[in-house]
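Each structure below appears as structure tokens.
Two complexes are shown next, each including chain A; its partner changes from chain B in the first to chain C in the second.
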Partner chain A sequence: MAMADRRRINGPTGATVPPVFLEQTLALTAPRRAPDELRKIFLKTSLTPPATGSAFLELSAPSTLKLTASVYGPRPLPPSAGFSPHARLSAELKFAPFSTAGNRRGYVRDALERDLSTQLQVALARSVKTATYPKSGIDVFVTVLDCEGSIDDYNTLGIMQALAGAITCASAAIADAGIECVDLVSAGIAAAVGEQGSLVMDPSPLDGYDVKAAALVGYMAGRDEITLLWTKGELNIEGGDFESVVDKAVEVATQIRTVLNEAVKERVLAVGGVNS
Partner chain B sequence: MSISITRPSTPPSLAPLLRTSINNQQNQQQQEEDADGDIPMVSSAGDVSIVTPGEVVTSNPQWMRGHGTYLVEDREAGGMNIVATVAGTVQKVNKLLSVRPLKARYQPEIGDLVVGRIVEVQSKRWKVDINSAQNSALLLSSINLPGGILRKRTSTDELQIRTFFSEGDLLVAEVQSLFQDGSASLHTRSLKYGKLRNGYLIRVSSRGIQRARSQVVSLATANGGGEVEVVLGVNGYVWIAKKANTAPTEGVSITRLEEEASEAIYSSKNDFILPATRREIARIGNCIRAMVRCNLRVDEDMLNAVYEVAVEAADQGEENVDASLEGEEGRRVVEIALARKMGL
Partner chain C sequence: MTTTTSTTTAATMGLSFPAATFQKLSPSSYLQRHLQCTPATRPSGRSPSTFRPATLHTNALSHAHGSAVVRTGDTAVVCGVRGEILALTSGEGRTRGRIVVERVGVEDGEDVEVKTHALVVPNLELGTGCSRDYHPGPPTDFAQTTAERLRTLLLDTVPLVPATTLRIADAVGDVKAYWVLYIDVVVISLDGNVLDTAWAAIVAALKSVRLPAAIWDQDAEAVICDPTPENFRSLELMEVGYTASFVVCENDGEEGGENAEKEWVLSDPDEFEEQVCCEKITVAVGAGGKIVRIEKSGGLSDVAKTLPTCISRARERYQQWHKIIS
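Right after this comes the complex of A and B.
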């Protein structure tokens, strides 16, 4: 025992066998949605008490995507940050160690999380009225609790779905925090699949499509503005295929926006807005 | 146009109790507006004007935009739209349209009584957390220095700045002025203000505490708890403490009183507080939390009424009564108190 690591809490000495679960077979048995049918979204705000604003997002089965967003601020920046006439919005996206099927993820922030955090920041920053809060910081933290399948094999659709959920959820949390924003941001994904390149709205990695190309947009429906565009795959730009995929993604985002509006409104109604 | 008058809001289950008063208010408002010659607003039952960020509130140019809105050009129809920037209820005052968010950071205004915590000590001032977007400043020159109010601030005071307030200390102060960026400068130049001790702090939403004539409430508690003082900071910080013994020891002149006060004024030492008093302080804290959760205005009358009901509920000896007044129990206590207040 002399070699025991004293800095950490050591496990019990008696060995136990970790449970072994059968492979998930949901993807094969689940009925395939129509190509223009979106999955149902559960979105609820104000679930993290210490945060200024927070939201939780979950997609209907067979999808397993679950994530939470919490917003802190606007709060004073440390003096070392220097003067800033606008609020600084920082965003951090983190995958929980237990979020992926199969292998556990490490705690340390990796390149993928860094990349997604930046994209999340870009998607949200455009919507917040940062000029209203000088010298302040607004911090957005998104934790992905469950992904759709594993994301380690560079399953792009799974990563895209996680980012799209994060954008929508974080925007709900910002609105819940009472931070002034010009519009809410919802994110949608569309893909061109198969030999013909037929368009599919809100494709899930569990649907088993042969994805040729996919596009994610962060979209402010009230202002008709795109805040973030991420495309993947091979598309013919001259033939208008690219535009059609992006347009389809915007259509998805517009539909998701109605859910976002309802979730934000629901909280106001439940707590303070009823007057009859 | 889908704008309606938004009245003071009440949670659904409390609504029937308040119906009479709200209807009266509504009629009054309606009449006033007719007299002003404004357009009559539709306000049928269940007509709630709740908007989300990015939603167009109105395109009618007769309205001025207030807080929680911004102007954006209408690309199709031309002209300007007033668009909401926060989620909340639409409010109109004459021709001013604003959107009131459900929860927002506290925005200091001159004259507000706030409870705050020292977060940083600098050479000539303190930085105080008052639950707003920016920390506020408390200058050494805007506190009562011991040894008389009219004393001049010296460099010795600067060196021993931590003897007045140090990090983590709680204080009650008034907003003296506002800086360009909206942050506040505080002062404690009154015997009513200064360091807080002998009690505990609860934090509620700043929307739960409204500006009133008096922000300091004194309660005579039950069960031998004695007098308890509640400082309702407009910023949502509430201080509940045993009331200080202010009876003068002997006949003193004004200057003598000042000296005595200033000796104790910066003491960080708590008095011994009886368990009975502690219990009542905690109960009052739970009452305030329950009132804020039920969207009820916290003032002297209502706090007294709710506290009374809470004491009775605990006295009835129901073992399963949740003394923390969380959830349903708190709502029940608040509803009973409100019903009593309305004379039902």
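Right after this comes the complex of A and C.
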């Protein structure tokens, strides 16, 4: 237990524990989707008016992922940052204290959040025309309000779903901010499950699959470029397992891209179109 | 000067620039020119006495025991309440043979448990990209003071949560453990007056809380909860109260002559108005229109004049919140 944070209001001095139940509560049984069926995504931009650009992403029930992204910039870098001919893109991902099952999350940024922030930054940086904004900073903030399942016990799918949502949502927010991009980034996940390693698109931790391996890609569909690749589990590279899982994830990302396009288009039409 | 209205004076000046530039160059006179119009209108188009309409959405979060999303104008907050269990060291919560001292004039003397054991833990997070000025990292002074004001409201001014509803007792009635309520307010979008919105979100979230039935297991010496959703219970809350915040904008222009307003009391200020006006007033109203707290800071306005305005508007706002939340 770390020392109490004196800048926050702390709980009792004795440790508190989340409720322990009589028998393990059954996980929410999501209606089984077909392996190639994606969940519906609700994506809306401009819900944080003080920000330059923002977006909110929610997966349809029974999935519970909810997150917001806001973008500030391009704004001048502080003098201490030194000269940079390109814009510097920074990304921060934070889980709200009440976002996960099990233990309540702390306010201080932990290793997982640092790791996901870096991955988010890598996934987005390639899509922004950074050369257009010298000496500027673009800051992306993502707050995960609600996760799918627990992410404490190395539930990789839960973490992957949060990151994938963050990438798609943040890309919509960057577009909403009117920052010049070469393409939008959407993220997709595919997994090899069961003994045979059959492929599942957009697997949820609530589906209860026995996941052998999973892959997340950040994908720019317009340019056919992968900006981020994260795989987990044992994948045979020679046998073509690796390629087939990644290809499936790209397929997911391509489908999610249509949602992203719609959200951005809605905004463009709302402000009066490109020409008017 | 033949001009009678303030708007034309600005137009006849040699130098002219768009309103947005005027707002940046001279925020104070920008606000005053708006208010000097008849009828007085704020830059947002509201009249001085209008509060922003609020919307509420409860229990949207799956991992919190209770939650609420409240949006007033461009300020939006999410409040999640999670219950955790604090086990007492053996013998601490015994009621048999305990000497109870009852002081005259002190009602609900037992409710001190909420404070002594810190059973209610409110926090406010602003580092979410909700506004240009707040970055992730340690909370700013403003975030710390607002969290502290919310805590004071919750523990002293409007003691919503009685200790009785948080106690977990064994078969004999000895208190073995407590529920601790972690109340986390995450601000998603900030456009002024975060206190009122955060407080309303806390009240709504507490009302939506459903805690599992907790049983003291004698053999395991631990608290076990019943997972069946039918046995979940709501909290027994005390009388609610709501806050209303105001800023006072002083008129230091000569326009308008004798009968011009000396100052305007602006209800539910947005970020711009909060930055321009230094006089801030918060009134908390309890059930039946009782005034339970008044805070005033800065400014030199005539309190005897401004406070009654604030109080009557705060009562009005109480009714609005009451209609939305209950």
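Keep in mind that, in the parts below, the second predicted complex is superposed on the first by the 244 of 276 C-alpha atoms of A that agree within 3 Å, B and C clash if a C-alpha of one lies under 4 Å from a C-alpha of the other, contacts with A are read in each partner's own complex, and residues count from 1 in each chain.
Just so it is clear, contacts are C-beta pairs under 8 Å (C-beta built on N, C-alpha and C of every residue); 3 or more make two chains touch, one makes a residue touch a chain.
Quick caveat, the model's predicted, so the values are computed rather than measured.
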Chain B versus chain C as contact partner of A:R223, first or second or both or neither: first
Touching partner for A:A4 - first (chain B), second (chain C), both, neither: neither
First, second, both or neither for A:A111, with chain B first and chain C second: neither
Contacts of A:V17 with chain B and chain C, given as first, second, both or neither: second
Touched partner set for A:I237, first chain B, second chain C, both or neither: neither
Footprint of chain B on chain A - complex, ascending: 52-53, 73-76, 127, 129, 133-136, 175-184, 220-224, 260-261, 264-265, 267-269, 271-276
Of chain B, residues touching chain A in the complex: 6-12, 15, 22, 45-48, 50, 52-56, 68, 70, 72, 75, 83, 85-89, 101-105, 133-135, 181-182, 207, 295
Contact set on chain A toward chain C in their complex: 7-14, 16-23, 25, 47-51, 54, 64, 66, 68-72, 92, 94, 96-101, 104, 107, 109, 139-143, 145-147
Chain A-touching residues of chain C, taken from the complex the two chains share: 60-64, 67, 74, 76, 78, 80-87, 89, 117-119, 121-123, 125, 127-132, 136-139, 144, 147-148, 151, 180, 182, 184, 186, 188-191, 212, 214, 222-227, 271
